[in-house]
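Next come two complexes, and both contain subunit A; in the first it sits with subunit B, in the second with subunit C.
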Partner chain A sequence: MVPSNSHQTPEGHGSFKSYTIGFFCSIILTLIPITVVMNDWLEGTWNSVVLMTAAVLQLMVQLLFFMHLREENKPRYNLISLVLGLVILLVIVAGSMWIMLYNMVAV
Partner chain B sequence: MWEKIKEFASEFFVTGDPLIYGADVTIVLTLIAIVSGLTYFKKWKWLWREWLTTVDHKKIGIMYILAAFLMLFRGGVDALLMRAQLAMPELNFLPPDHYNQIFTTHGVIMILFMAMPFMFGLFNIMVPLQLGARDVAYPFLNSLSFWLFFSGAMLFNLSFVIGGSPDAGWLAYPPYSGTMYNPGVGQDFYIWGIQISGLGSLMTGINFLVTILKMRAPGMKLMKMPMFSWSVLSSCIAIIFSFPILTATLALLFLDRYAGAHFFTLDGGGNPMMYINLIWMWGHPEVYIIVLPAFGIFSEIVSTFSKKKLFGYKSMVWAMMIISVLSFLVWAHHFFTMGSGADVNAFFALTTMLIAIPTGVKVFNWLFTMFRGRITFETPMLWTIGFIPCFIVGGLTGVLLSVAPADFQFHNSYFLVAHFHQVIIGGVVFGYFAGLYYWWPKMFGFTLNERIGKWAFWFWNIGFYCCFMPQYVLGLMGMTRRVVTYSWDKGWWELNLVSTIGAVLMAIAFLFQVWQIVDGFKHQAKNRDTTGDPWNGRTLEWSIPSPAPVYNFAVLPNVSRQDEWWEQKQSAGAHQTIKQKLEPIHMPKNSGVPIVMSAFWFIAGFGFIFDWTGFIYTGLAGVVGCLLYHSFNYDTDYYIPVDEIERTEAAIRKVNI
Partner chain C sequence: MAESQTSEQILQAHAHDEHHGHPDMEEVRTFGFWIYLMTDVIIFGTLFATYIVLQQNTDGGPGPADLFQMGGIITSTFILLASSYTCGLALLSMHKHNVKGLISWLAVTAGLGAIFIGMEIAEFNHLVHEGATIGTSAFLSAFFTLVGTHGLHVLFGLVWMIALIIQLAKRGITPVTKRKVNVISLFWHFLDVVWIFVFTVVYLMGVS
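Here is the complex of A and B:
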């Protein structure tokens, strides 16, 4: 088992303040897309841009304030795996688009 | 009423084929034998306490390997049936639809339910011992992973007596795997069997990654870690990033089938090619997931049996890490013929060829390790030496396949079939066998009969070449994969007959192995491994008694070098066994939650397959209930007191003298 005393290492687990900030940020980032969609404020590309930006920012908020990505001790395995994950995600998306759209005869 | 039951049964159970009826009878008889045997010998409690609920990585490992052997048997029978059908032209032994089912289940079982659990078994048994750790990072999760795999495998295997087997190939390409052409439940068995066991695989990947990063013995820097553990690390990285792709892809396919979505259909804006693209993003890393640990095993064995340090440790580490990342960049070589255009094909041909470089580096490392070594030829080393030429040929034909224009000729011919069997049998299977023979004494505390082992080795090897070399030629002669029969005028029958004979030789080899294991258990008293170090090993697993006590290491070892145990033995004079102070050892408690929760997954999966909502709700509710129960259960660990450790150690030592 992973030694249970790992909780006691000085690894930070956030403060009341950081949790509050994170909480409000994530609420706001949830409300923005909901209001935009419910009120039909935007259409087409702009709609997608707003939704996706909010989603990405939300992800960052979660990682920074709740997953404590910044406070990790060295070696920063969490950060390394996150970066590798993003790289592979990029490969999946960009690679698929390249493969599927290149030389597309139909459509 | 009676009519209704009869109607239901004839739909529910697979009927009409004498082979299946035979299997039905065998299954029922075996189940009766197991249940009554356990009841008669009053072993139920023992089974539950010692095995089914265990969180001990060593026992979980043994269960994985046992399951893998059962699956090897089932997959092997499938293979023999196919080879029997192809032995001569125009045979009618298997009808075409049955033949389709058999090659499908053969492929799925061999990769996902044989190679994967065999590999996880070896991970479990050896990684903590090599690292000088007392367990894996998450023992509960480990047991859950095993039972999820087991549920998934059972679900999949059920399909051939209930409901009907999948028949769309081991990767289930749409549109053929969609409801349009496959309205039955076979493909749903495929999806849920793989999804459930896939959850387990992903968790195992995470578990061992954390184990390796966090649980090494004091002083064991990453660059002092044994090579097998490195290979496990690289394999786990690939697991963690590729299995989610598989899960997502199959989930989309399931939505197509179950909810009428159109991700991969030809109408409604879907595109079946997208499935092929996605599934190979998992599929190619998967083949490296299973082969990398085999490389690690060979590295350990080569160095032990040449009595030399592994040549080029650092380059080996880099080769493995590069392979595990590069394996994500080559997937399109599986569909060069799909029509993505020259640029795409050129790029992926290039990356594929690049991957052969680190693989070649490893081969040279093994050869240089053997060079001027004092080699002895026990069975683990024999498998290693058998592997090297076999894998070189398999790798080279892989490079031939990676030449995109040429692949238009080779693709989906028997040439391809021969290629991947050569790398998978010659690399993966031989590797796991080598590992099993190498670590067997550590697992069970006795050695196996070498003579029978050598018979098995030679039968496997001769059988292998006899079976697959002709297939390369057949492929070049135009024989495509997945054909059910061929006519006399093709001129293929001689080579096919030879190939079938090779398959029979490998079947005999398997029987030798079973005999060897049975014989080993029978004569175990005579062949006790009293030293704990039967091969004069180099890494920490050989520094403790065989089999290892529950807590593995009474005192955690201190590591300062590569091959720590070997170095300690070399400087035996300087190193006296300083009596270190024992401390109580913190251990995880057994738990019944994993097996119960996996049973609920099984029920839910079954419900999804037959669209029986009652089963779906029961299963999912049960899963949630298990999660809650486990979350609120704080009684999960205990301490082994010092005097008990002393007693155990003394008892082991007494046997050992």
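Here is the complex of A and C:
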């Protein structure tokens, strides 16, 4: 059995190690898209896919390692409101792109 | 003496009860700030949507690939990333009840933020001198609105952080200043996340 950490302090918000890991992950996730763009490795859709994937992964790193979303207690209101915010964000961005960029009937 | 000890114990026991029974008010305030951040997500969402829709409409003027100087942008990206990390280190110092460390790391964070703002102002200045103003084309209107809104947020965070450093120097680490440091660190990491998407969508996709 895994030894239980029942005596975790309520302020156990990350450690030096977890911040440093998060920092290195975000540096790597920034260097990857820069290298891809500066060397013209990819074009068109694949380029966008790689760049957006790196950005979203970095969002996760910031949320988990720096904003401590993992350590929230049970009614996870922070996570729930974040999901609501992201749903609205997706509807606005994807909806605008769909209507304005892929419906050229009006042009 | 004995009496004061018992009343202190009662107070402690009471505080302990409160922690389990009712939500801690400082935690509720932090959550309130989180809700504000989610509304900011929506603001930036609309600005990103506007930018993505309008970025091809350059009205015969300069486009992203003609204007952006990636060297400075990449440097400022790493500066903001580093400031997000130093902000985390400030929080660690706070949890160790180290006021000096907390204030110094916050000062480093604010310094990096100031460099970021300085570089952004220099970039905008360069663009305007090239004749690319906010009124030149729909692309540039959307660009200046999106990047400028992020810059204003960073500037606001900077002023706020300096005020908080002064308050921490006067009052030290109390439950109230603790909550304030937690809240500003959330704000700062949030601005870093927004910048990652500005960097990706506006700059990297603009020049590729």
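One rule holds for everything that comes next: the second predicted complex is superposed on the first by the 83 of 107 C-alpha atoms of A that agree within 3 Å, B and C clash if a C-alpha of one lies under 4 Å from a C-alpha of the other, contacts with A are read in each partner's own complex, and residues count from 1 in each chain.
The criterion applied here is as follows: a residue touches a chain if its C-beta (ideal position, glycine included) is under 8 Å from a C-beta of that chain, and two chains touch if they have at least 3 such contacts.
Owing to the predicted nature of the structure, the values given are computational and were not obtained by experimental measurement.
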Touched partner set for A:77, first subunit B, second subunit C, both or neither: both
Contacts of A:85 with subunit B and subunit C, given as first, second, both or neither: both
Which partner reaches more residues of subunit A (counting touched residues only), subunit B or subunit C: C
First, second, both or neither for A:100, with subunit B first and subunit C second: both
Touched partner set for A:33, first subunit B, second subunit C, both or neither: second
First, second, both or neither for A:55, with subunit B first and subunit C second: second
Subunit B and subunit C contact sites that coincide on subunit A, given as residue numbers: 77, 81, 84-85, 88, 92, 95-96, 100
Touch list for subunit A against partner subunit B, complex: 1-4, 77, 81, 84-85, 88, 91-92, 95-96, 98-100, 102-103, 105
List of subunit A residues in touch with subunit C within their complex: 11, 13-16, 19-20, 22-23, 26-27, 30, 33-34, 36-38, 40, 42, 47-48, 51-52, 54-55, 58-59, 62-63, 66-67, 77-78, 81-82, 84-86, 88-89, 92-93, 95-97, 100-101
Residue ranges of subunit C in contact with subunit A within the complex: 31, 34-35, 37-39, 41-42, 44-46, 48-50, 52-53, 70, 74, 77-78, 81-82, 84-85, 87-89, 91-92, 95, 185-186, 189-190, 192-193, 196-197, 199-201, 204-205, 207-208
Subunit B - residues contacting subunit A, complex: 134-135, 137-139, 210, 213-215, 237, 240-241, 245, 271, 273-274, 277-278, 281, 325, 328-329, 331-332, 339-341, 343-344, 586-588, 637
